[in-house]
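Each in structure tokens, the structures are laid out below.
One chain, chain A, appears in both complexes that follow, with chain B as partner in the first and chain C in the second.
Showing the complex of A and B:
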């Protein structure tokens, strides 16, 4: 491992200033570090300066009515142990629990996962299904952008050099579910991930899949197949079939395209049936 | 039942023991290997110039060997470096040593290798494209009226099973530190299961007598068969010789997968003739991928093939085993080499036969299972063997679990047998000192506890000495008594017998000196020292020992064990070398699985194991051994497999895509011992290192068959493989 300087800015301005003075090749941003340290160890990158976000005041969790804003550097474990997330946004809780192990979730962060933008992310699909938005801070201030617009290419989100993700907002708590499939059920990379959510205010459904190239996506025709309120069994079945058929899967060493399509059709059906009539549990925050 | 606190537990928990990867030596260099970039081809050139230009770097290649080796190697099939032909991807073709690990790795990368690639043989599957594998081993046995029983059978069931590569995945990689001593001794400290075996390998590879080589085993962070023979030691030694400095060489984890000694794919075709509800004949064709190995070929065929029949009486049999050479790394032993794979085929076949007959699979097994005095497929007499009783217990447990079985769950039973390696020799020396008993012997503790706890327990029982007063002392090959090594589940069964003899001799000597009957001798603690207690009278050991004994390390006794292998009916062998068994051990396992009927995924819900291990010498250690074997077997059954490209390159040399079980998948495990069928080991103990893994894939496969009516035919049973086999995919 090549040596590097580790800096700990204490405010958003200090963090942005660190990036302003550096060159893109020479600097890396550290959130949880679960991917970054592997990259450095395997010499995929060799930063001379690592800017740690650890001491920024970004580890917050704020409910505003039924809307939730999550600081980007809050460890995933904090989301997992928050009972209101489990009750009000069960899909998010299931997706968080799908990431790595407890030990890893004590370090890994939601912001890090989004900026990493792995096609295999277990969190991107549920954020898509929840219509989440990302707060990007940079030299020109702060802007909010939908996760769908933030995700772009594999490992390349729409985030300019010098910008950071400060927070993620989930506009409303939704009946939701995240189902995944792996060769080994834990501590493995998913073969597929399916997130579904139903808007309690508007009644519409979102269906998003992960482990597709180049990034997790919503499958709009599958969402549109769910016309009735609540959708009929036939509608659920055809939406699930469409999700399997239309997901941009590929074959790799974790599984074939054919198997993935089959799995998504099964998991999407199960997930939709699980949320079709579910109401948010627990008192509204 | 007592709870055994192992004498190494505290030191290991504190990180105080030195594993192979922990040892450093003043002035040492760090080694790194240069690996073949292709699986098969000709080396056109190896240019070490750029590596040697880096300050402090020593680099060696094939051309340097004649100059550097102290003698002429006597084993041409295991060259240190290949001179011209690359036989597998990542075969070491050059090596470097440097003052730091970073520089060593940089130097290894600076070595320029030019090769001409040839097509590689990757698969033993007849349908595979490309060149066909060469037959390098063949065994064939036959007896009984085979044609007759197949002609008159009620029905014949023929099926083919396939298994894939599994790696040992010891936590600690292979690591050695070598130096050439001033007196000309080639000295290596290494993480190994067999210091004396490594010495023998090195003598052949270096071309010098064993007396010029000293091997010292370090603490071993897991072996599982992967550290049974030499791997990194010759490179470390030759680098030490070339550089004039101690050299430490450890494999990276990627290298563990690439050039470790995995179990490779096999293909098992079984055909059984059934008449009147019993098996009257069986034909087996077994093909095993031996990789580029020549040394392992006989063992792979002649030993493994017997496990395709299972521990059952079959009156007519034809067995054929074929070892095929491919451009994979050499085949190696992985805990009970190939037996779990063969048992998967044989035991799945048993369940399938029972299913066809509409009879209970446990009762069907018990109709055929070996009883003491029966003859094996090769006509060897079965000794004390409690598998029938294990099966009865397993069957009862399965019936109990079946009383409340949720939908899509299934219950399976699988059996397995093994032969304790008590034929191989070992020796031990005991030193009774005023304050402790030392057992000096030649096996490193590899983690199972069989050395540090098992050998101590033997002395504890014979001499009645408190365990905290026993010290098991491991010595290098120059000073330790000879031992064959930690393999074949033999430590307690074989080396334990040497300890037992030495302990009995010590007891006899103490009886003589105290004028007491042998059976009355007990060593107890009086104050801070040991005393001999005879009928309530205490005599301090210090007073019993002669002065020169106290000054020279204690009262010494010596025990040796050189076992006699069993014998079989040689007339049944048509070709090749078969191996007899010693000390039959057996186990029957029960699993409940939950099968997802749409996804093809299997979750093991609960598990029970019933083992005949002879007399259990230390329950906690034995139980841990069974649990560990079952967990390891879960990987073989469900997730572990080496993925090879058509070019013969391993695609998943790492723990992300080579999936060993994690604690989250481990079900509740019950462990039971069926005692009373005594083996040749101390007090009737039999080996228990390998038996626990053998029935696991079969047991889980049979539970899947129970859940859905269809049995898996290939390992590992991943979700995708099962979904395809069960035709769940909508094509």
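Showing the complex of A and C:
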């Protein structure tokens, strides 16, 4: 493994300044390191300087009424052990639990997962279903972007060199679910992942599917099939079938396209039934 | 660059000469500090054999830089025996015959210690067993390990 220098900026400005003085190939950003260190080990990248986000004040979790803002460098495990997340945004809790092992989640972060933008991410689908937004900070200040726009079609997020992700906001706690299928339950890449959520204020549904190429997507015709409030059994069945039919699946060594279409329809139906009548749970904090 | 990180291992502050800033905690523990109880299985985060505690929470030392734990307390299997929780877990493993070749055992013990530190015996059993799935064992078939985990959990209740 190629050696590198490790630097520890103490503030956002210091971190951005570190990036400004470097060239894109020469520098990398480190959060939990669970993706980055493997990339370096496998010589996919060879940065000479690694900028650690460890001391930035971004490990926070902030409720404001029904909306939740999650600091990008907060370890995933912190989301899992916060009871209000399990109660009020159960799909997020299920998706976080789907990422690797407990020891991995003690270090892995939401920001790292989003910036890595793996088509197989277990977190992107639920963030899409929750209409989450990403806060990007850079030399020109801060901007908020919907996750849907942040994930691009090129397997790289819409993040310019020199920019960092500071936080992710979930505008509204929603009854939600994330169901996945893999060969081994832990430390295996999902063959499919389905996230669903229902807006308690507006009543509409979101259905997002992961492990599709080139990136997780919402399946709008499936969402539109859920017309009644609450949707009928027939509507749920046709929405689930549409999710199976319309997901941009491909065949790879983890599963065939046909298998994935079948499984996604099954999982989407279960997930929708799980949230169809669920009341938004838990008192407002 | 090489610099000397400062952290404690098993309640003693380590006195290291400068080491590369790209060094994994796993290598520092095994090769510089001689703490060979922490095992290297896959080096890719998949097996759990390298699990240690950093500030009482389990982490994979193969995916953690030594310099990233500066200022923290690291506990390895060698230090855990001195703690009540550690002693109970190890006794449970012995009582249940939950160790065969033993290569996975330190990782399991550390993972279990982290869970018991975090929430004692609370939480549902299914979640508890799920939380140990990041550790692989190629010998026991897991039945005796599950029993040992359950026994340790009852012992700290």
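We take it that the second predicted complex is superposed on the first by the 283 of 285 C-alpha atoms of A that agree within 3 Å, B and C clash if a C-alpha of one lies under 4 Å from a C-alpha of the other, contacts with A are read in each partner's own complex, and residues count from 1 in each chain.
Just so it is clear, a residue touches a chain if its C-beta (ideal position, glycine included) is under 8 Å from a C-beta of that chain, and two chains touch if they have at least 3 such contacts.
What you see is a predicted model; the values in this text were computed from it and never measured.
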Is the number of chain A residues in contact higher for chain B or for chain C? C
In the superposed arrangement, does A:186 touch chain B (first), chain C (second), both or neither? both
After superposition on the shared chain, which partner residues are touched by A:100: those of chain B (first), chain C (second), both, or neither? second
For A:5, using the defined touch cut-off, is the partner it touches chain B, chain C, both, or neither? Pick first, second, both or neither. second
Please indicate which partner A:259 is in contact with in the superposed arrangement: first for chain B, second for chain C, both, or neither. first
Once the two structures are superposed, pull the chain A residues common to the chain B and chain C interfaces. 101, 185-187
Per the touch rule, the chain A residues reaching chain B in their complex are 101, 181, 183-189, 191, 253-256, 258-259, 262-263, 265-266
Going by the contact rule set out above, which residues of chain C touch chain A in the complex? 1, 20-22, 24, 43-46, 48, 51, 54, 57-60, 63-65, 67-68, 111, 114-115, 118-119, 130-131, 133-135
Within their complex, chain A touches chain C through residues 1-6, 30, 33-34, 37-38, 40-41, 50, 52, 54, 77, 81, 97, 100-104, 106-107, 185-187
Give every residue of chain B touching chain A within the complex, in rising order. 598-599, 601, 603, 638-639, 643, 651-652, 656-657, 659, 661-662, 664-665, 718-720, 723-724, 728-731
